[in-house]
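What follows is one structure encoded as structure tokens, with my remarks underneath.
Chain naming follows the written order as A, B, C and D, and within any one chain the residues start at number 1.
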Amino acid sequence: MRIAISTGGGDAPGLNAVIRAAVLTAVNRGWEVIGVKRGFAGLLGEDEVIPLTRESVRGIGHLGGTILRASNRGNPFCYPRKQPDGSYVAVDRSDELMENAQRLGIEAVITIGGDGSLEIARQLCHKGMRVIGVPKTIDNDVSGTVTTFGFDTAVNTAIEAIDKLHTTAESHDRVIVMEVMGRDAGFIALHSGVAGTADVILLPEIPYDIGKVCEKILARDAAGRHFSIVVVAEGAYPKGGEVHLIGESLPGQAKRVGGVAELIAREIQAVTGKETRSLVLGHLQRGGMPTGYDRLLATRFGGAAVRAVADEKWGHMVALQTPHIVTVPIDDVLKEKKRVDVAHDLVQTAREIGISFGD
Amino acid sequence: MRIAISTGGGDAPGLNAVIRAAVLTAVNRGWEVIGVKRGFAGLLGEDEVIPLTRESVRGIGHLGGTILRASNRGNPFCYPRKQPDGSYVAVDRSDELMENAQRLGIEAVITIGGDGSLEIARQLCHKGMRVIGVPKTIDNDVSGTVTTFGFDTAVNTAIEAIDKLHTTAESHDRVIVMEVMGRDAGFIALHSGVAGTADVILLPEIPYDIGKVCEKILARDAAGRHFSIVVVAEGAYPKGGEVHLIGESLPGQAKRVGGVAELIAREIQAVTGKETRSLVLGHLQRGGMPTGYDRLLATRFGGAAVRAVADEKWGHMVALQTPHIVTVPIDDVLKEKKRVDVAHDLVQTAREIGISFGD
Amino acid sequence: MRIAISTGGGDAPGLNAVIRAAVLTAVNRGWEVIGVKRGFAGLLGEDEVIPLTRESVRGIGHLGGTILRASNRGNPFCYPRKQPDGSYVAVDRSDELMENAQRLGIEAVITIGGDGSLEIARQLCHKGMRVIGVPKTIDNDVSGTVTTFGFDTAVNTAIEAIDKLHTTAESHDRVIVMEVMGRDAGFIALHSGVAGTADVILLPEIPYDIGKVCEKILARDAAGRHFSIVVVAEGAYPKGGEVHLIGESLPGQAKRVGGVAELIAREIQAVTGKETRSLVLGHLQRGGMPTGYDRLLATRFGGAAVRAVADEKWGHMVALQTPHIVTVPIDDVLKEKKRVDVAHDLVQTAREIGISFGD
Amino acid sequence: MRIAISTGGGDAPGLNAVIRAAVLTAVNRGWEVIGVKRGFAGLLGEDEVIPLTRESVRGIGHLGGTILRASNRGNPFCYPRKQPDGSYVAVDRSDELMENAQRLGIEAVITIGGDGSLEIARQLCHKGMRVIGVPKTIDNDVSGTVTTFGFDTAVNTAIEAIDKLHTTAESHDRVIVMEVMGRDAGFIALHSGVAGTADVILLPEIPYDIGKVCEKILARDAAGRHFSIVVVAEGAYPKGGEVHLIGESLPGQAKRVGGVAELIAREIQAVTGKETRSLVLGHLQRGGMPTGYDRLLATRFGGAAVRAVADEKWGHMVALQTPHIVTVPIDDVLKEKKRVDVAHDLVQTAREIGISFGD
């Protein structure tokens, strides 16, 4: 058996652990493994394919990044082709990809990626490619799995930052607004905010009222707690119909990271009169060595993906349904993004211990 | 409503986060909270009870240890009383405890502890005390819950140690045997060993054959990998009927920490001729700031315990059954300890990527 | 003897360790210690003074922040007084401060602070107050001492961030520009940049040429290294006479944190065509637990400050002149700020291993 | 110019940063660099020599371990040769080494190592080899330099362990005795003990009286501090002429790590009646990623070593004499080991804040 592994989309701590586990599991079965560089670009002649052996994955299990490089563009169904005038048009190169895969003798593909990559996987599957998906999202917004690797690391990075901001906020009587990743789902903000004992947490799932946010801050002030920590997901937006400017401008500014924190910080300072600062964690959340949790989950996903190939679960994605790794149809997964369940006990407990969601 | 909180047994990162969440949740309901120091010793006049207010739990959510102190002895049904000759006899002081609790106006008790404390809780419950349990175990060996707080921190501490040992083992062509906690259950060894990419993992659930362990080490040597990392749970023992000396002597030596690693290291050195070192992580696994995962789980447990009081779930323990916090009867929990399921996909994947369990 | 301790200016990891060591040393000599809250505000009736005992400093040696709170305004010679119309005028309240200190029986003051606080100390000294200074600066820009506490922690925080950015920059072929503290002196940028193996480091001491920066990035690209890490001190500015906009606007915008990174990132992207991102570390550098180095230096400073009081070294500052702690006249210290010596072997080695300073 | 780099003795965090800086500096001068594996074994045909290029040292600056492997035996003047009967005799293979070096065209050698390796370097120098030394010692016991790389990392590892033990010692009213490296010099114990706020620190430089140690512990107990942390260097021994058993047995047991902590723990428990535990940090101190301080110092040493070659400072060692890197004759360095100066302000401050040295 000859299989290929590809990774799509952004970086996530644990990618190398998935690759390592999949390669070792496959090689120990006597299979051959090919690594496709930069999403599917390696299968379109725009980057390379490399053999993945026991040696290739030595000592990478605890490293961040990915030995296969990440990719932000390689959708073969909609591939950017430069025109003579310098502009780009999207072309369908999926047939070319299928041919190249066949020519290389690739019998199955394990593709590690988020919603975008899984959608590509689904379409390739319908074209006849034998694909197994492995979910990858820092934001934890892929359906069908309790969580994905990279999320725990991102949450711990955010918590560490909140811990650091706490001492300086308290020493200086300041409000600090920290922005974390999460365009559509507020899991990082919720988890890091509760674990870091933030005072206010703003999520895309719970539109906020800036007045309520300031009320909380002023109530703390009145009770002798002259500082506050606000954790905000980048996709948080204000209540009441009117769409948040930052949210609105996102589609056209896909590369912008951050911004909502500064806006909210200004509003808080204007309303409360308290010195307010903002900070955008940005790419720090994608980097670094994966936590134990993420290394384990990534390893389990890698091993399970190879077993799914052996079991011919084409079009399925491996997933955590605690305590087991299962496979679920990618079609089902893509029906909707996972979002924070606002009735979940974590949100309830957060409210009960006094955290405001600005609503 | 006036409730009491007590913690029993050893230290676990996250205890303070449970206490903080329970106190804040209760106080925000208008309840009063009393903290019992050192297990139940505070209710037997051998330590104190203290009021727990919003102020008492300020800024403790991320700290290790417990503001209520830990306890290794306070079983009221079997309490050590010093005799004139200096020896101890066990006496039943449970009636005294019930009276003291009543006198203090305690209407319900949230008790945070492992098997031992939960057994006491069960018995007190049968005497009429209204008790809610919160599971606490570094080893992750309490049934009825997917996991408990403290375990993730202990696993990450062990992984960090393995990461450090890796570079020095590799530089010096050594075998290093690292001993982690786990008398009856090998969860810490299994999780840290896989995440830390150990070469051999020895668990109480899989009796080992030292010959197989050495085979693995020599096979690596032959393949040019001149070092090996062995992670061993303190309760691991050799195959074949004959009980391991260290395991056998445990009951009488309750205070000994570690020992099996050194024994195994000597055997490996004798058989393979390779320079072999051992290291016992010991108390490092109980200390330090809890990870994000543990802070969150502890916070959820604390909030859920107060809700369980409100719901009058006497004799129940809060538990994680992902993704929900539920309550389960303590009677059921105590029927058997949780152990590593040797058919679990994590064990299977570990084997498939080449880790030896010495069997 | 009754002494007071005050801390001025921003937060720095190690402040609590200085306070702890000074208090324990003084108390063990039989002295009394008073803590002045928020710089000198506590001596002007705008905040409080508190007794500092063995108990007050228990368990604070490893914590960030300061139990005496920080202060950004308390200059008694130039104190902001609110006018009926809401505006502020600066008034000289130094006589009032001297009287209050006398009334409280304060015989000497240990003041921990940066240039601003040391200048106040100098002036108070000339008015007759018996003052010992302890240098405090994240930026390491105080003269007369090899280094100060807080700097090593800030450098390690910055390195950890660079380590995280490395994996994601490499995976995505990106340029990442990270901004660190340092308005006048580039020590944090230089030390974290070299230790984190940045490719370009921009300092206030070496005006840069954006063309040279881009040359370096493109040369790496041509050599197959498609990513680059640029570390920039907030006070870095371009070569050639024309003052950098950001630098220029600083005096009027004292509260702005960051900005130069984004500007430089835009220029790099425009010139090189490479996807470029920026990140401002900001307050993360001031927070968190001090490193071992900083805890030790802070402890030594605290002990030495009390000995300087005993030796009546009024108007002196404790300082590290490796391997000894000495005292130096504050007058001398204030003559000029310490800046990076561009002929130092660290800069030379950085150049020799291929790091560009954009010059 | 063709130079060689060799590393001798045990592992130390920062070795790779030295190698990287030396290689890049040399290559950027147009020199060739050869890496000698396992001390000088690579020059005796018992391991290999490898070319070191820009590519060889890519991305290793922040990694622990050494790409040249460590060595515990390769003294060419006293090389172990196996006899037909299995025993070993020491033979002088230095002529063979000189010839091999000449045959490979090696014009100068940078040797990174501790006392042992520097002694070899000195002798090779006298035979005509052109050698530059780079000091390497976790223990900080090499003369002529303020400090060496690896020490700061080891101290921080020890502090982190003390921080973890603190919470659990305090929760359980225990005494914990932690053993750190330091056979002849107690720098790690002193620095980590003060920074970690230990209560007792035992050093080889200050023989201890167990009675004084117990007095301190009991005095704390009486003052309501029912736990104590004792940090002990492995070479600490009791006062009064009689040599410590552990110390005495060291020469014959060169490979034993640890032991004194357990002995002292037993004595403390016997005398004070307090539950006492011991822990040996062991190899954890040698591993892991170097701190910022160590990465910088290592980088500076690497660069300076190449400049010393260019300056033909044969027989010299690079050294830190703050704030400069200088070169000192190896002959002078080897005259005596550096030990803790018991009159240093750090020891004085430690005493003044209440730490006992057991004397």
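Observations on the model:
Methods note: contacts are C-beta pairs under 8 Å (C-beta built on N, C-alpha and C of every residue); 3 or more make two chains touch, one makes a residue touch a chain.
This one's a predicted model, so the numbers in the text were calculated from it and none came from an experiment.
Path length between chain A and chain C in the chain contact graph, taken as the least number of steps between touching chains: 1.
A separation of 32 Å divides the Cα centre of chain A from that of chain B. Chain A and chain D have Cα centroids separated by 42 Å.
One simple way to say how far apart two chains are is to compare their mean CA positions; for chain B and chain D this gives 35 Å.
Chain A has residues 163 in contact with two or more other chains.
Working note: touching chain pairs come out as A-B, A-C, B-D, C-D. If you check the complex, the residues on chain D that touch chain C are 20-21, 24-25, 28-29, 59, 61-62, 146, 152, 155-156, 159, 163, 191-192, 194-197, 291-293, 295-296, 299-300, 302-304, 306, 322-325, 344-346, 348-349, 352-354.
Note for the complex: chain A touches chain C at residues 10-11, 63-66, 69-70, 72, 157, 160-161, 163-168, 170-173, 176, 255, 257, 275, 277, 279-280, 282-284, 286-288.
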